[in-house]
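Chain IDs A, B and C follow the sequence of writing; residue 1 opens each chain.
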């Protein structure tokens, strides 16, 4: 028995190796490269200057708080919307599902641009309605950022959730309903276990993206505070050479945050595949 | 006004005829400084058959068209092919050279020529990224005034023959003659206008290139502390009460075009021409400058020290300075950017420039020149703006 | 009752999601479209003229080749890994999951910057294989994550039944495994393709000037909205086509 287990364990390791090896090489190489840039600006010696400047900068502190807040709100809302849409759409045909998934192939920058076309002062919504009651673009609370992320990420999460629901969930759900289980209980005991893991994994990916990307805040975010990624970008605009080190340090920090969060979530779940 | 296409065809015919006749540049007189024409001839020979990868900002359709339709054919006659590499920001091109330098690639680089501005050039020069001692050796550089500070220095950093001039830059504003009868004549009048029309004036936030230039313009006209006082006085009357600013010149242009604010601004003197062409500005848009003076500058092309085709790049840089191509560039139907050449040095070629169309979208002159600030002060000012003007709640 | 409500609701929602994107189509063909006009002041083809001058055709081709190659390679590498993870054969899956997810948690600008120097040293920079490798760094994790949801006890049971009934491994693969996993393979291929197709940061850094569509498109965003919208449509065409293909072929889990 032990021999067979060991052999199957070795076989599993062998199956995993190609993917893991490629990732370790490429991704590992990338991280090493970025760390070097953060520590060694071109033409200078290794130093922690970039890191020291970063932690001492009040602008960076404000950026971190703002980014964490918008990323958290965006992700939570996107997950809730995705879940709701999935339940509403699971019995619907492919046309409805395809339309709901339409934002997925559209890159964030384009979605943000479209948002500006519609929601900015002087935009289409303004022209149709004669004026928007609430500021959605460049508002200090980051509402515009949240809106664009939800519009873009909820369909992505929707795809993951629908894949998990598959064809079996509907039957289980209807069977439970026939047995008199209330909708809320069905949500908790039938639906949630099925969607929990892809939703959580997907949400972590969405959160990490919102933490580290600059295109959406660039288009619809307020001037102050900037997001972490915008802060990095401004650093390179200010001083091309040593700004690169600041930007690299900023991005590594944001990545570390995301990885820590993922590790926590994985630990809490204990079984990363749910159940 | 001559229809666009006709003017462009005229310009092209002019260029082709001139080039066919002269073979690219005069070989009669020796160029100012540097090597003789024989030296450059050998460079031309080496350049023949090369493909020059020219990294330049790719978002300006008319400049792209000028390079693709006017410069490239002229270059082909010299046996040089131009591969235009569009980037969103010149800094991306510099980052590429930096990356190659970090990796120890000292030759055969993938960037041959960069259309570059002050801060980026200064950072690169400090890091030793650029090819040295070539710009003054170009035959057509004799048409340029070497003592003009806008040619000799770039953001007060000495050019030292590491970049060759190409386009004129001047800080210019735009107003809509339908909305604003008389645009403000100076900065104080601008403040008064903002007080009378709250929410109708704004500028891009530094470190955006244009926003940074506006702040520098204020500082150059009033002095640093008085300038920041002015900006703080202006703040409450700005669009969105100065709590948030456009993040780019493009965004300010959109706000202006959509009638949300009354003025736009740019370091590109032809931006009103361009804006109307793109349909972004109404046809009633007009450029204006302030009497306190305008920041004026030159944008250049530079060659990385590790370029794979430096000879081809130099041939292109020389071509860009030829009177024929500079005249074509000055035509509002093409770009509408004034020439960097010294008209006094052109002799009878000067007539090429009087043929340029008069256009309501291009200013004839920009008023008093304000000297640009040193490149290292730029970052300080940007940071000071972010801390004092932006971060402080109104 | 909830179903009666959800039927029109889902349709309305779907329309709400798709309609904003139609603004791009109008913008692409509007030479002038300024407030307060609802309809463009002037329609025209300037956007098309500018969009197709320069290197956009080459950029389209490069991006397409890289995205297809990255997605295909990722599927090959991901398949065995997804089997192991999907069938829950690991005792301690957490660290593996974390390693797999890490490239997705790091901003893509970092991947591009970090890899460029290595590729330059190896004289690979600017080559298509280098671009595929750079993209693979984040395409592979996405593909694995999507693919593994297609494997599990149900599929294993089906395969065992087939094995018991005497089907050869090849036939099992062709007739049982692939058809059963087809929806997730389709979804994984789609996501992999889209992620590579849309990438800007790594394409710029590793590409070393080789035209790629997002890199050609970005300068126009903001600066020239009409041309940006036209390029955006050019950009979206294959993406939406791939989406439609996947849906049509019934390979989506939708």
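Assume a residue touches a chain if its C-beta (ideal position, glycine included) is under 8 Å from a C-beta of that chain, and two chains touch if they have at least 3 such contacts.
If you're wondering where the values come from, they're calculated on a predicted model, not measured in any experiment.
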Overall pattern in which the protein chains touch one another (line/ring/star/complete/other): complete
Of A-B and B-C, whichever chain pair has more C-beta contact pairs: B-C
Centroid comparison with subunit C (C-alpha atoms), farthest chain: B
Centroid distance [mean C-alpha coordinates] between subunit C and subunit A, Å: 15
Distance between chain centroids, defined by C-alpha means - subunit A, subunit B (Å): 39
Approximate Å spacing (C-alpha centroids) for the pair subunit B, subunit C: 38
Overlap residues in subunit A, where contacts from two or more other chains coincide: 37, 122-123
Touching two or more other chains - residues of subunit C: 35-36, 113, 116-118, 218, 221-222, 225
Multi-chain contact sites of subunit B, meaning residues that touch two or more partners: 95, 102, 254, 258-260
In the complex with subunit B, residue positions of subunit A that touch it: 37, 42-43, 59, 62, 120-123, 138-140, 218, 222-224, 234, 236-241, 244
Partner subunit C, residues of subunit A touching it in the complex: 8, 12, 15-16, 18-20, 22-24, 26-27, 29-34, 36-37, 85, 87-89, 91-92, 94-107, 109-110, 113-115, 117-118, 122-124, 126-128, 151, 155, 159-160, 162-164, 166, 183, 198, 201, 204-205, 208-209, 212-213, 219, 229, 232, 248, 251-252, 254-255, 258-259, 262-263, 266-267, 270-273
Interface residues, subunit B side, partner subunit C - complex: 53, 55, 57-61, 64-65, 68, 83-88, 92, 95-96, 99-100, 102-105, 110-111, 248, 250-251, 254, 257-260, 278-280, 282
In the complex with subunit B, residue positions of subunit C that touch it: 30-36, 41-42, 44, 46, 50, 53-55, 113, 116-118, 120-121, 125-126, 204-205, 208-209, 211, 215-216, 218-227
Residues of subunit C that touch subunit A when the two form their complex: 2-3, 6-7, 9-11, 13-15, 17-18, 20-21, 23-24, 27, 35-38, 77-78, 80-81, 83-85, 88-90, 93-94, 96-107, 109-118, 133-134, 136-137, 140-141, 144-146, 149-150, 183-184, 187, 191, 194, 197-198, 200, 214, 218, 221-222, 225, 228, 232, 235-236, 239-240, 242-244, 247, 252-254
